[in-house]
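The two complexes that follow have subunit A in common; it is paired with subunit B in the first and with subunit C in the second.
Up next, the complex of A and B:
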């Protein structure tokens, strides 16, 4: 019987003997946190120093090692599935942290964002981690390069972690529980297959939005022509209150009948504004973001749309709506914390 | 949330994504506000605003799932639906804005999604409580379906959503005589009377009070049971802080509690802040139309 230990099962029902069998063994899927790589000499006990504003900070990275026991992993390695992003800032205090980060998947040469994003629009804290609705899968021997840039103030010590699941397809337990091993490896294969087509992506403006008091301006958000972009949440930080509206720059499909404000509808990485339903932006399209300052003072705004890129064409599906239930909030749990998407 | 799936997966190869469902382009997130030009409702000090309508264009219907607000001072809100020519209230009286509207990334989740279309619009009235001019920006988050006219399956879904709303709609109750005003250390009792045309299924509790330091008991008058302690012979008031949330985080029931039409809840509160306390309660839930259920 296949009993994957990602579920809290500490016993199973033995049909032949008609009794519960308690058992304990090491998990093959464990909760884990991937910190900045200790292989970077600039990372000291997980602490990385981001240089003062105006100075250049060399990139650092998150690295996923490879490990196996006698080839049991069947070349799947030990992939890591990122479910959330967490950071701590011991100098500015996390709530006021002012630096950007650019994440790039080095192995695939894919950027995970079109431009550096403000850290407080993509990373949360242990209390409220920034939960990805499309997990980021990092295969063994892949690295995620992180380039930090201080926006204001002096150098700052940071810690950052990618939280999620660590898979061990080579676990020696599988010598005893062979079916478990097959099930886990099938799951890992599906995960590695999916990451070729779908990956999380953060879409922001080309640099911060800077407005003088009371000004309004348009900005184009460019996810690139390589994939469809599906947006599902918005996070922003700013020096003052502002109002905004969003539309497809080519089709003029608007998502609102006016401008919402930061206060009435815009969250940050801790509590992003989660869309009632995701918005799919085809690969040849752009978002136009119209921003109006409400603070009557110079306002710097960092605006990030959370989403995922899908490297696949549009297709017709017959009866796509056949199984669509009438959605009723009463039937669902509160989405204060977003759940991973299917 | 149930919605049109985005990814088309290969049934033969687990994890392989072969396409993006084109129909997803017809389902979009939408933020609906009071009418243009600036979506700001200016409420004079201590007065009510004129009736404001949130009008949806004819492109497609929408289901409202969340409410958010930015305001310069405290205010009350009254929501209703204009369905054809008949207005239909969604609450038994004005409710404090902060009890059923969130803000930033924590909008208020409606107990049940509200269906609106070009013929069925949400209407809102604000009443200032701050004794000063009050500018209110109100927004309803939701999902909108476009091009449903050209897709028969989308049209069927629209009809289903519309018909469902004749069976149940989101609804809020507050105390019959407005906010509960209780003196320092005093005890006050008020009633909540469920309307004659629907049963009320309570699903959330939220409040706004001068001080959260008060105790409360809510008793179903017809059965004598407290909805807090259930069918016990003796029941007692418990601290409001462990029972009531706010507009950002209303307390959500694990299991709704239905109160039949025309019946009453007796609310007893005792202040323990040591100062006069004004308490706005909001019981969120859904109204189940008795014409259908009886």
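Up next, the complex of A and C:
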């Protein structure tokens, strides 16, 4: 149960005093929201205007500042660990007339998606946030650029936030609670090390899928060949019902023995369809997505696979273990509901 | 917790754990005379009508671990009484309240499909009594409310088993220190039309809080402005003025409801005698907005706290506020 996990994380039992004592370090990891940066003059009190369809909207960004006290952070800065993505669009709430977003890690020069994704396939609300299986770690002074584009309709006011944890490895209180400070800084170091190899990634088609009524077509999803891609979940929005199947485009290995319908097998950002076991697509492979329109009318479909990119080669387990491999956070059991890996 | 399967190490055969017969799920409901509970309309704004206290008593045949809350209004209940009906839960045995003042029922009870799963289970001993004091804060009409709590039951037979006894001892110890806690604003929050308001959420002297959920609702009769988002807010830890966000966040970006509360990615640690500060902005431009915001989490009883270890933060005058009418 949750509290049992919390107890070990947040409290220890003091045998001498016969009471629970909270670890101080958890005071220096706070829940946080990172909205669009106020350093962009186009962001007014968190509100950003996405221009009408057809017009160009200049990119904006999420920025993580740097802060430290007398170098107490030991060069770790104040990283932010993104656990979910939330947005609010109170001027245009229709699913079809929404917008796309392209997220790019400027500091690492890495795009977090192969093509702009429909906002409703990657971001939710606080009721049902789009929870990342692989947290996105934003070190100090790093920036995530967000490029929005309206799909249809007029300009809209939007808000977007990355929800997660803010770490303060430099907190002056750690001079008093040194062990807590060491433990927190060790955790931050492990997190920063891990992000060099593993990053969240959203895989979509090159532009929206557009079918005439009753048509079927194939689309290639290209994660790029710089890393292995591990698929976790599927989210889609569309103007009509459809059926689909997925296969490895090079080996023709299929994930299903026939087409599955959108209503049975396709969630959205609020409740994505979770893979019972994540599917690893090696770096030189691609997905082929076959889509059949079931609406008998023109159908526009935005299809996004949630996953992560793993910048590491494959290795046989016996060789890896011989090389002092250490099981990492990625080795946790697959969950059937979206939840961040700890 | 109680493994379903037991494996014979000699031959690998599987057996069903006998304890599963004695440790099982269950539901607790109030006495029949109180379910449904009917509470008349408030006589005037600011003067709630108190319902008959609803008593839950632990049974004699075993212990119970309550993990979720479910409740529903009867169909005839008007929207305003539903939106203002509040409850205060008191543990009579330990003489503890589970909230800093009465909390909206809509922030405490979920629905059958989506119960509110407690951040910390309630451990109910034999004949231990919980009292639910409901208040109807609306002059618009009466309330008819039905409720239940889902639990795990450790029946008497299981108590003779060593591993269950050990678990129960652990639970009893935890029950001394931990309980669920709902923290709401010290006073009602009313934001003037298009204006701003600041609210404080104060922690008591003997609690260390781990806040896990945020639940909010709002009432406004306005028709101009952002009717979907209603308000925006910035949270600060008032102890160190540390903000939790770089921009104000709107209602649907920080809070859910009791069915789907916003689950904080990291539980928020609130030390004893400290406060949360929340700066609200009304996004409705033609009418004031009443905001009801609740944090739910775990309260850890920190006995023998040295008062000089924490600088006391004075609590703004706490009278006995109500949710108005």
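Throughout what follows, the second predicted complex is superposed on the first by the 290 of 342 C-alpha atoms of A that agree within 3 Å, B and C clash if a C-alpha of one lies under 4 Å from a C-alpha of the other, contacts with A are read in each partner's own complex, and residues count from 1 in each chain.
Keep in mind that, in the parts below, contacts are C-beta pairs under 8 Å (C-beta built on N, C-alpha and C of every residue); 3 or more make two chains touch, one makes a residue touch a chain.
Remember, it's a predicted structure, so these values are computed and weren't measured experimentally.
Enquirer: For A:136, using the defined touch cut-off, is the partner it touches subunit B, subunit C, both, or neither? Pick first, second, both or neither.
Expert: In the superposed model, A:136 contacts neither subunit B nor subunit C.
Enquirer: Can A:30 be said to touch subunit B (first), subunit C (second), both, or neither?
Expert: In the superposed model, A:30 contacts subunit C only, not subunit B.
Enquirer: Of the two partner chains, subunit B (first) and subunit C (second), which one does A:203 touch, if any: first, second, both, or neither?
Expert: In the superposition, A:203 contacts neither subunit B nor subunit C.
Enquirer: Going by the contact rule set out at the top, does A:113 touch subunit B (first), subunit C (second), both, or neither?
Expert: It touches nothing on subunit B or subunit C.
Enquirer: Tell me which partner A:101 touches in the superposition: subunit B (first), subunit C (second), both or neither.
Expert: In the superposition, A:101 contacts neither subunit B nor subunit C.
Enquirer: Identify which of subunit B and subunit C touches the larger number of residues of subunit A.
Expert: Comparing touch counts on subunit A for subunit B and subunit C gives B.
Enquirer: Return first, second, both or neither, reflecting whether A:146 touches subunit B, subunit C, both chains, or no partner chain.
Expert: neither
Enquirer: For A:156, select first, second, both or neither according to whether it touches subunit B, subunit C, the two together, or no partner.
Expert: After superposition on chain A, A:156 lies in contact with neither partner.
Enquirer: Identify the partner contact of A:126: answer first if only subunit B is touched, second if only subunit C is, both if each is, neither if none is.
Expert: A:126: touches subunit C, not subunit B.
Enquirer: Which residues of subunit A touch subunit C in the complex?
Expert: Per the stated touch rule, the residues are 1-3, 6-7, 10-11, 17, 19-22, 26-27, 29-38, 43, 45-46, 81, 83-84, 86-88, 90, 93, 125-129, 159, 161, 163-166, 168, 340.
Enquirer: In the complex of these two chains, what residues of subunit A are touching subunit B?
Expert: Those in contact with subunit B are residues 186, 189-194, 197-198, 228, 230, 235, 243, 253, 255-268, 270-280, 282, 310, 312-317, 319-322, 324-332, 334-336, 342.
Enquirer: Over in the complex, which subunit C residues touch subunit A? Could you list them?
Expert: Counting only subunit C, the residues touching subunit A are 1, 67, 119-121, 174, 177-178, 208, 210, 212, 214, 226-229, 232, 237, 242, 244-250, 252-257, 259-260, 262, 264-269, 271, 298, 300, 302-304.
Enquirer: Touching residues of subunit B toward subunit A in the complex: what are they?
Expert: Contact set of subunit B toward subunit A: 1-8, 13-25, 27-36, 38-39, 55-57, 63, 65-66, 68-70, 103-107, 109-113, 137-139, 141-143, 146, 151, 153-154, 156-157, 160-161, 164, 203, 249, 252, 256, 286.
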